[in-house]
Amino acid sequence: AASSEGRCQELLKAKIGVLRLSSSAPVLIAQDKGYFKEAGLEIELKFFDAAQPIAVATASGDVDFGVTAFTAGLYNLAGKGALKVIGGMSREKAGYPLIGYFASNNAHAGGLKTPKDLAGKRIAVTQTGSSFHYSLGLLADKYNFKLAEIKVLPMQSLSNAAAALKGETVDAALLPVSTARKLIDDGGARLLGWVGDETPWQLGAVFASPKALGNKPLVTKLLAALARADREYHDVILASIKDGKADINDKTRPLLEIIAKYTNLPVEQVVGNCAYIDPDGKLDVRNVANQIEWLQEQGFVDKGVGVDAIIAKEFVKAD
Amino acid sequence: MDLIAHHISHRFGALEVLDDVSFTLRSGEVVAIVGPSGCGKSTLLSILGGLLQPSAGQAEWRGAPPPDSRNPLTFVFQDFALLPWCTVAENVEFPLLHANLSERERCAVVDDALRRTSLSDFRGAYPRQLSGGMRQRVGIARALGVRPAILLMDEPLSALDSQTRELLMEDFIRLLADGSMGAVYVTHNLEEAVRIADRIVVLSRRPGRIREVVTIPLSRSERGDIHAREQLLALQSDLWSLIREQAVEAEREVQHA
Amino acid sequence: MLDRAGEQAASPPADINAEARPVAFRGAGFAPKAGRYSGWIALVLVLGLWQLAGSAGWVNPLFLPPPSAIALALWKLALSGALWNHVSASVVRIGAGWILGTMAGVAVGFAIGLSSLARGVGITFISALFPIPKIALLPLLILWLGIGEEPKIATIALGVFFSTAISVYSGVDAVPRNLIRMAQSFGVPFASIVRRVIWPGALPSILAGFRISASVALLLVVSAEMIGAQFGIGAFVLQAGNLMQTDQLLAGVVVLSLFGLAVGKLINLLETRLLHWR
Amino acid sequence: MLDRAGEQAASPPADINAEARPVAFRGAGFAPKAGRYSGWIALVLVLGLWQLAGSAGWVNPLFLPPPSAIALALWKLALSGALWNHVSASVVRIGAGWILGTMAGVAVGFAIGLSSLARGVGITFISALFPIPKIALLPLLILWLGIGEEPKIATIALGVFFSTAISVYSGVDAVPRNLIRMAQSFGVPFASIVRRVIWPGALPSILAGFRISASVALLLVVSAEMIGAQFGIGAFVLQAGNLMQTDQLLAGVVVLSLFGLAVGKLINLLETRLLHWR
Amino acid sequence: MDLIAHHISHRFGALEVLDDVSFTLRSGEVVAIVGPSGCGKSTLLSILGGLLQPSAGQAEWRGAPPPDSRNPLTFVFQDFALLPWCTVAENVEFPLLHANLSERERCAVVDDALRRTSLSDFRGAYPRQLSGGMRQRVGIARALGVRPAILLMDEPLSALDSQTRELLMEDFIRLLADGSMGAVYVTHNLEEAVRIADRIVVLSRRPGRIREVVTIPLSRSERGDIHAREQLLALQSDLWSLIREQAVEAEREVQHA
C-alpha cells in the first residue's frame, strides 16, 4: 500500500552524511532495503571518513541530515544554530563492544591490566574533545581520579593512535574495535576493557540542518524509516550477539552483507563490530546534557550552549 | 630619414660615460664611430636606437622612413643577442613574424638573408652549434631581413675572418650604394671605418666626447679605384696617429702609474 | 716571398715522437645523462631488500607490509574493479586541479615577472597565503564550497598554484635581458616578446616547477578527498588507515607513486623535447 | 689630408631642428621592481573589505569570522601566554625540519646535477616518493621514530627535501657549460668548480626553491603536529578545527601567514644580496 | 714545452669540422691559425687544450713546462667566459685560488694583470657593467695571471679598438720575447698574424685542412724596423691573396648559387 502511494506522490529528496562504519548500520539497511523509498523519500548517501566533516557539511547545508558521533565541534555548530539533533543512534552499552581501552605490551607487562589503572598514564586519542576524550572523562569520574592526571595525546587519526600504541610510545589508547582488531590479533597490544562495559553513554545521533528541519514531513518520514531499520537491526543482529559477536546465520546474513558492502569489510569482521542502537531510536538526553557540561568544563564547548537549544524536541524521543 | 644625436650625455650611476655628444646622420649617410674600448660607443648606439634613455639630451629623427622598411632603426648587436632556442632560420625570421608578410614572402626574405651571409647550410643549427663568426653573421642576416632605414651596427664584423669580412663589407657597401639606407657603424677597425663611412666620429676616452669629426673626401664608389686606395691608406694612418696622439699617452700614464 | 713550409713542417718529426705525451683531457664530466635503466634497477633493488626484510621478519608486517602483500592487495583491488573507480575519480580531480592551478600560477607568475605592481602585491600575497595549511582549512572549504567536487579540486589547485607561480616568476626573472632588448629593438609587440622570448627563456624553470607541482597535486589528493569523497585513491587511503589495513593503505600509496613515476617520465620527455636547444 | 669638419657639422643645424621628433624609447619595461608599499596596501585593502563584509553581515561569521574577531582571538591567545608556547614549539620544529630537509635536498640535488648515476636513481626515486602523502605515512613515522620531536621534524624535512632537490638540480642544469669548461681549462679542482662556478650559477634557482620550501615547511607544521603534539601552532589549529572554533583556527592560520611574510621578506633580502650581479 | 697536433680530425655528429690537422709548436714559438669563419679554429684550440676529445688523432706535449707556470695550457676564450657573479678582480683571481699562493702574492698578481690590461679602475665592476672590449681584456688578464707555458688564444683582440689592440699586442710581444712562453693564436686578422707569429697555419674551409704553413722569415724583434714594415706588409698581402685565391671563389659559388 505504501508503495502505491509512493508512486503517485513526488519523492522527497534528501542527502545523508554517514561514515562507513557499522554504527551507521540502520541508515545503510534502510537505504539498501528501500525503506526510505517506501516512506516516500529519495535518499542519497554521502560518505565521509571522519565525524567532524559530517557536522560541518550539515551546517553548511550540503547534506540535509548527518549520522555520526557527538563531538565538541558538533556541539559548537549546534550552539550557533547551524544544526539540531533529531534522534539517537549508536550507544556504548555493556556487552556490545565498540570502543576499547588498549594497553601497549610494555605497559601491560608493567602493570596496566584494567581500565582503572589508566590513571597517570600517557593515552592516545584521536582528537581533543572527541568521543574518546569524553570516555576517558567518564572513566576518571567512575574511578575517582582526575582527568588531569592522564596525559591525553591527540593523534588526529586512528592509524596514528594505533601506531603510537604499537610503537610503545604511549601506554594506552582508545580505539574502535575495527581499527584495533588487527593490532590485537597481531599481539601488538592488549585489551583492557570496553567503554560500553565501563561507562555506557549515548555515542551517536541523527541531526538535521535548519533547512531540513523546516520540512516537517521530510523529517518525520526519515525518522520513521530509520526506526523501522533500527528495529530490524536490533531484533536480528543485536539479538544474536554473544561474547560481543553476532552470529552468522540465514537470518542475519542478509543484513550483515549489506553492512559489509557499505563498509568494505568482510562479513567475518562485521560481526565483531556491531554498535548497539536503540530499537526505537531514542536519545539519552540526560547523557547529552552531561556531555555538554563536561566539554564546557574542559573549555571545548562555548559557554551558554544548553542541551535544550541543540535538540529538536518535537522529533526527539527521549530515553 | 635623418638621425640626430642631440647633446647626448649619459652616466651609469657615478660613472660618466658620454658627455654632450651631438651629430647628424643624413639620409643614406654612413657615420662611423671609433674610440677606445669602454668610451661609450655601445651606449651611444643604444641611445640612438631608443633602447636606453640618456641622462641628458636626446636622439631625434627627421623625415619619413622608407615605406617598405619593417623596422627603421635596426641593431646589429655586439654580443649578437641570438635566441638560443631558435634555429638560425628562426632567429632571422623572428623580427619578421609580426610584420605583415605571408609565409611565402617571409621564407623568401629569410632565404635571401641567409644566402647573403653564407649561412644557408646552417638554417637548422642552434646558436650553441655555431662558431663565433657564424653567430655574428646570423645577427647581420637578421638585421638585413627587416630592410632598415638606418642600421645601428656595433662592431658587426669583429669576430669574422678576413675573407668573410671582405665579402660582407662588399655586401654592406652594395646595400648602402643606392642611398636609401643609412648606418651608424661602431668599429675599432680604422680600415673598415675609412672604407665604409662618409664621416668618422672620433670619441675620446671615457667620458666619451667628440674629439673630431673626419669627413672622407671620396664617395664610396670611388674608393675602389687604385688611386683612391693610396689616399685611403694615408687617411687611415693619419686617423690612427690622430687617435694615438690624443689618447695613447694618457692611457699609458694610467696603465703604468 | 712566402716561405711555404708545406707538408714536412706540418706533421711532427717522427723521431722525437717517442717522448710525447697526450694532453690530458680536462673537459670531462658536468653533463650527466640519466641512464635508461639505473633508476629501475635501484628501484628493484630497494623493493627486493624490503621484501627480504618483510619475509625475514625484521619488520612488523602490520606496519610495513612487504611488497608482495601490497602487490596482492593491489591485485585484489584491481580484480574487484574498485581500483578503477578510485583511480578514475582521483585522476579527474588531480587533472582538473592541476590544470586550474597551473593556469592561474603561470598567469600570476608572468604578471609578477613582468609588472611592478603585480610583483609587489603578488609576492606579498604568495608569501602570506602559501603557508596556509590546506588541511586546517578543510572545515572552511566545506562551508564555502560544499562537499562536491569543487572543494576537492580547489584544494589541489591551491596547492599547485603557489609553487607554480614562484617557479614561473623566477624563471621569467632569469631570462637574459639582452634578448628582451633585442626584441624591443625590432619593435616586436609586447605579447610577442612574452610568447617568443620570455616564455621559452623561462621554460626550463617552468618545467622544473611542473615537476614539483605535479607531485604536489598527487600529494594533495588525500587532503582533498578528506572532504566527503566516496571514491578516490585518497579516500581509499584514508579509509584503509582508519581500519588499519596497512597493505591496502600502501597499495593506495603505490598507485600514487606509480602516477608520480609516470608524470616524472612525461616531464623528462617534455624536457628533452622542449629544451633540446641547451 | 684629413678634412676636419669640427663643431658645426657635429651639431645639427638649428633651422631644420623644428621638425625633428625624438626617437621613441623602446627599452622600457621587463624589469619590474616590487614597490615597497604596494603589497602592504593591497593587504590592508583586502583586510578592510573582509572586515566590511563581516560587519555588514554579508557573510556568516561562523563561515568566515571577520578580521576583528580573529585579531581578538589572537590577542586573547597572546595575553594568556599560550601563543608564545605554541609559536616557540613550532619554530623549533620548522627550523630544524627545514634545515635538515634543505641540506639533504641541496646535497641530493647537486649529486643529480653532477653525476649520471645519481641522476638516474635520484630522479626515479624523487618521482616515486614525492607524491606519497605525508599524512598516510604518519603511522609509519610514529612507529619508527615515536611521538617525540623526531617524527615531527622528519615530516617537515621530508616535505622540504623533495622540492629543494628538484629546484637545485634544475638550477645546476642551467649553469652555462662554457663557464664550467673555462674552469676546467684552468685546472680548477672539482670541488672548487662546484663551489665557485656551479653553486653561484645555480643560486637563483636554489633561492626560488627556498621560497617554495620555506612555505612548505610552514604548511607541514600542521601535518607534523598531528603526531601527538600538545603545543605548536599546528596543534592549535588542529584543535580549533576539531572544535569548530573558526576564529581561533584563523588566528592560528594568521600566525603562519605572518611567518610566511617574514620568510618571504628574508628571501627577498637574500636575493638582492646574493644576486646583485644580475 | 712543445705542443703537437697529431693528425687531429673532428666531427660534430655528421658535420666534419677538422680533417687530419698536424703541426708542432716548439717551445717559445707562436703559431697563428687563420681560416674562414666556421672552419674549426676554435674546435682545434679546444682539442689542443684538452677541453674536447677529437674524433681521431690527439694533442700531445713534450718536454717539461716551466716550473713557475700555474697552468701550462691556458685559454683566452672567444666568448670571454667570465663569471657573471664575480667582479673583474675576482674573475682574474679565480684560477689563482687553488694555486699555492699567499693572499698577498695573489693580490699582487691580480693587480699586475689588471694594470697591464688597463682595468685597474674597474676592479670592482661586474661583467654586465663592462663594455665588450673590457670583457675581453678581463679574459686576457685572467690568462696572464697564471703564467702559462702556452697561451691558447681565440681571437683575443677581436672586440678591442685599434689603440688598445696596439697596446695589448705590444704587451704580448714583450711577454713572448724571452722565449719562455709559446702561443697558439687564432685570429682573423692577417696583420696581427704576421706581426706576432713565427708560423702561420692556414686552414681551408670546413672541413678544416691545413692548406699552407707559412713561416715568417723575420724574428719578432726585427719586425719593428721600418725596413721590415714593408716586408711584412708585402707578406700580409701575399697571404691575403693566397687565402683569397683558394677560398673566395668557392665561397662565392656557394653564396650565389
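Note that the chains are named A, B, C, D and E in the order they appear, and that numbering of residues resets to 1 at the start of each chain.
Keep this in mind: a residue touches a chain if its C-beta (ideal position, glycine included) is under 8 Å from a C-beta of that chain, and two chains touch if they have at least 3 such contacts.
Please read these numbers as outputs of a predicted model, since none were measured by experiment.
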{"item": "Chains in simultaneous contact with subunit C and subunit E", "value": "B, D"}
{"item": "Joint neighbours of subunit C and subunit A, given as chain labels", "value": "D"}
{"item": "Interchain contact steps from subunit A to subunit E (minimum; 1 if touching)", "value": "2"}
{"item": "Maximum inter-chain contact count - chain pair", "value": "C-D"}
{"item": "Chain at maximum distance from subunit E, centres defined as averaged CA atoms", "value": "A"}
{"item": "Per Cα centroids, the chain farthest from subunit B", "value": "A"}
{"item": "Averaged-CA centre spacing for the pair subunit E and subunit D, given as whole angstrom", "value": "46"}
{"item": "Centre-to-centre distance between subunit B and subunit A (centres being mean Cα positions), rounded to whole Å", "value": "84"}
{"item": "Sequence positions of subunit C contacting 2 or more other chains", "value": "26-27, 60, 63, 138-139, 143, 181, 184-185, 187, 241, 246, 249, 278"}
{"item": "Where subunit E touches two or more other chains, by residue", "value": "46, 49-51, 73, 79"}
{"item": "Residues of subunit A touching at least two other chains", "value": "52, 56, 59-60, 73, 157, 159, 162-163, 166"}
{"item": "Pairs of chains satisfying the touch condition", "value": "A-C, A-D, B-C, B-D, B-E, C-D, C-E, D-E"}
{"item": "In the complex with subunit B, residue positions of subunit C that touch it", "value": "178-179, 181-189, 192, 196-197, 200-201, 203, 275, 277-278"}
{"item": "Complex interface listing, subunit A residues touching subunit C", "value": "17, 20, 46-50, 52-54, 56-57, 59-60, 62-63, 73, 157-159, 162-163, 166, 178-183, 186, 188, 264-265"}
{"item": "Contact set on subunit E toward subunit C in their complex", "value": "2-4, 6-7, 22-24, 46, 48-53, 58-63, 73, 199, 201, 210, 212-215, 217, 231, 234-235, 238-239, 242"}
{"item": "Subunit D residues touching subunit A - in the complex, by the definition given at the top", "value": "62-63, 135, 138-140, 142-144, 146-148, 226-230, 235, 238-239, 241-245"}
{"item": "Residues of subunit C touching subunit D in the complex", "value": "26-27, 29-40, 42-43, 60, 63-64, 112-121, 123-140, 143-144, 162-163, 166-167, 170, 173-174, 177, 180-181, 184-185, 187, 190, 193, 198, 204-205, 207-208, 211-212, 214-215, 218-223, 234, 237, 241, 246, 249, 252-253, 256-261, 263-265, 268, 278"}
